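Labels run A, B, C and D following the written order; every chain starts at residue 1.
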Amino acid sequence: MELLERAPVELKNAFLRVLGSLGVPEGMLAILSAVLIIGTVIGVFLGLFALMSVMERKILARVQNRYGPNRAGPFGLFQPVADGIKMLTKEDLVPRAADKVVHFLAPVVMMVPALLVLAILPYGRDMVPVELESGILFFFAVGAGTEVAIFMAGWASNNKYSVLGAMRAIAQMISYEIPLVISAVTAAMIAGSLSPSVIVAAQGGFAAGFLPHWFVTTPWGFTAALLFYIGALAESNRSPFDLPEGESELVAGHLTEYSGFKYATFFMAEYIGMFAICGMFVTLFLGGWQAPLPFLTVVPSWIWFFGKVCFVAFTMVWVRATLPRLRVDHLLAFAWKFLLPMSFAAFLSAACWHYAGRGPAAWFLSLVVVGIPYLVLGLSFTSRFSVSRRTYLFSE
Amino acid sequence: MNFPGIGLLKGFVVTARNFLGSYVEKDRLTTRQYPEERPKLPENSRSFPFLVFDGEDPEAGMRCVACKICEKECPPQCIYIIQDRDAAGKPLKRPRIFDIDISVCMSCQICVEVCPFESIRMDTDYELSSFDRFGSLVLDKSKLLKSNAYYHGIHPTEASETDARIEADRKKKEAAAAAKAEAARKATAEKAAKAAHPPEETK
Amino acid sequence: MICESLKTCFDDPGKFLGEWFVLLPALVLLLAAAAAVVLRNLIHATLCLTLSFIALGILFIALGAEFVGFVQLLVYVGAVAMLIVFAILLTRPERLAKSDTALSGLGPAGGALAGFVTLGVLLGFLFTSPIAKKSLPGPASAPVAEIGHALMGDYKAALIVVGVLLTAALVGAAVLAMEDKNS
Amino acid sequence: MTLQILLALSAILFAFGLAAILSRSNAIMILIGIELMLGAANLNFIAFWRFSGNPSDLTGVLFAIFSIAVAAAEAAVGLAIIILVHRRIQSVEVDDASNLKG
């Protein structure tokens, strides 16, 4: 087990040792090591993307009592290969009135932040590609590049649906970024660091021998986790916040004029970005690579990390299967009138929890601090958007 | 007043129940896995027309006599017939070319209803997709001709009725022919008798 | 000399990259800023401005001010550039073509002249001043924890003032841009 | 690398921003010029901090952070004003907004 825990790192080191004995200079080895890490991380996430693209369809199908894709290969697992071939062989359309350079650059710019943010996630014990002191800040700073890419795509297509979709996407992402960052900051505040690995380390250990010290087990952490999760759904343009691509209104939003491999790049970047934000969610609130129960610590940490990421991704598909798309004014009202005050409440609650000594009393205090705003805001929202029972005029 | 968020949770429970249920109760999955599981078609289902022939040899047993009624009646005009001629140029009672463009055919069955020779019938084969839009969807005589046994296989009731009708027609025709022959024979016999024994009164 | 630098490149690429790394974002910064000023198309100018913001952020990081670099990226790329884009799209005038090309005040020549004069004055002082000759001291970094302590300690008054300013700006911008219900 | 290079860079950036402000009449272009000049100022703060020889004195870094925050506020208010002006006079040209009576 200990061997398995260290397996990825040891494999890399062994490979480098072999190269070193062949006479490759020291500095080159450092670069090679970096390349190996980058390659592995990108490879793993591309694999996850491929798996997700088929599993999402299968899960959605199961929720709707269908089989889902099961034709290509065993259980339809080669579906991504088929999709890839289809995407690659499709014609690459560029509208005549499009801004050709920007139209070409948009998918590239979209891919860059999606891959960059993978650098700071702690994938396992002592397995952070880049140990950055202000990793959380890096994550959100680089993630901001996605908005630029979406705007470029929408504007360069010279299509009114694209521009509308891009404007919706930007409005949505700017609005949801605020609760997202504030709820992330609560976790950073309690851990006392902006470094993801320190935050994960702060969630280690077990209370009463079996309860993990994950932030999600505290009232403020649970609230912040929910807020972060909702913000993450909106940031990665996933249902029910997929208005920018609302096909019933906007064809495909900023993706309308994209086809072939450029579309595939967008698709890939969106999914990798989604996995990255799932990874950040796991790191901040679900204890990162920490095992959920004491006796399970023998299982390698990186398996826990990716298991949790897959679980969070599964819940995102579950949400997609359950909730209908929001209306655009409801979307913004929800962000500014519910999520923002709630994230402040979670922030305050975390502070109360910390200064009340982090014990059971602190637990209840933070529950009260976060519960009252929830009830007030929630009730005001449900009363405002309450739906009267539908009456049928001509039947019954 | 409901506790805020309860409605969302109820929705999630519903989808979760469907998700898990689809693995437990097989009845939930109503999708038929097509190439492995084929639907049992009702007997009167139909796809596109074909030509029936009797016996073993398609050319010899062809019921079609190239009367072109179906060609005239076909609403989308997907049937194309050229009558066969012998070396002397005399028309023969069989088609030289009989094509049906099934990319145009709308399966209305009017050709079947108008055919006086019970020659054109509806097939049930629906796996007709091909990569060649123009060549392989125009069926020629060799592809259209199918034996009466095949017809019995796909539409047993209808085929037996048709056979019975053909048989009845044949019998009627035979009877009529026999009656005619009888009458002719009688007439000849009478004539002969008359010739042999001319009535005396006339003299 | 080229051979030597190539050898460094092979022996210790990290060091090689580190020495020349700063010049790359500086070059990008200059080109993008020039493009942002010169380009007629507003959207292109904004995208170039965004690129120059990114280059500036990377330059900050390369100079050791990691935190400032990330804040620069987060605020400028994520918020300011997007605000400008939004303003362009919302005010997209029917006369876009005109407003793209319209030049006023001093005109391009006057603007360029003013720019060059300022630049000349600044550079003149720069090349005669003794402090500018300073060469790079040892490695420097601004740890996040220390920045936090400084913000909450010596600079807490400034922090509060900036907080009030941002809140006022938020409310003010919302009130300004709010639809006039009466008209 | 010397301080001179960075300061020259910042001076050029500042001159670009100034040229943009003085030569363009579009309010948004003027705002872009102002952002460039603020960026130049930030670059100066960071450069002087880096070359001060005393990196534990964080004044330069903190000044840059505050300046970024103020720039964000300025951009938000500036763009709100531009949108308001556009709504009143259907133009974003600063020359068109010459009437005192809104």
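Here is the rule we use: a contact is a pair of C-beta atoms (placed from the backbone, for glycine too) under 8 Å apart; a residue touches a chain by one contact, two chains touch by 3 or more.
Owing to the predicted nature of the structure, the values given are computational and were not obtained by experimental measurement.
Looking at the partners of subunit A and subunit C together, they share no chain.
For the pairs A-B and C-D, the larger set of C-beta contacts lies at C-D.
Per-chain Cα centroids separate subunit B from subunit C by 79 Å. The geometric centre of subunit A is 34 Å away from that of subunit D, both derived from CA atoms.
With each centre defined as the average position of its C-alpha atoms, the distance from subunit A to subunit B rounds to 60 Å. If you average the Cα atoms of subunit C and of subunit D, the two centres end up 8 Å apart.
Multi-chain contact residues of subunit C (touching two or more other chains): 67, 71, 79, 86. Taken chain by chain, the contacts run in an open path, each chain touching the next and the two ends left apart. The chain pairs satisfying the stated touch condition come to A-B, A-C, C-D. On the subunit A side of its complex with subunit B, the touching residues are 59, 62-67, 318-319, 321-323, 374-375, 377-379, 381-383. The residues of subunit C lying in touch with subunit D in their complex are 22, 26, 29-30, 33-34, 36-37, 42, 45-46, 49, 52-53, 56, 59-60, 63-65, 67-68, 71-72, 75-76, 79-80, 83-84, 86-88, 90-91, 93, 95, 99-100, 102-108, 110-112, 114-116, 118-119, 122-123, 126-127, 131-137, 140-142, 146-147, 150-151, 155, 158, 162, 165-166, 168-170, 172-174, 176-177.
Note for the complex: subunit C touches subunit A at residues 10-16, 43-44, 47, 50, 54, 57, 66-67, 70-71, 73-74, 77-79, 81-82, 85-86, 89, 143-145. Residues 25-28, 30-31, 99, 102, 132-134, 137-138, 140-145, 147-148, 151-152, 155, 163, 167, 170-171, 174, 177, 193-194 of subunit A are the ones touching subunit C in the complex. Across the complex, subunit C is touched by residues 1-9, 11-26, 28-29, 31-33, 35-36, 39, 42-43, 46-47, 49-53, 55-56, 58, 61-62, 64-66, 68-77, 79-84, 86, 90-95 of subunit D.
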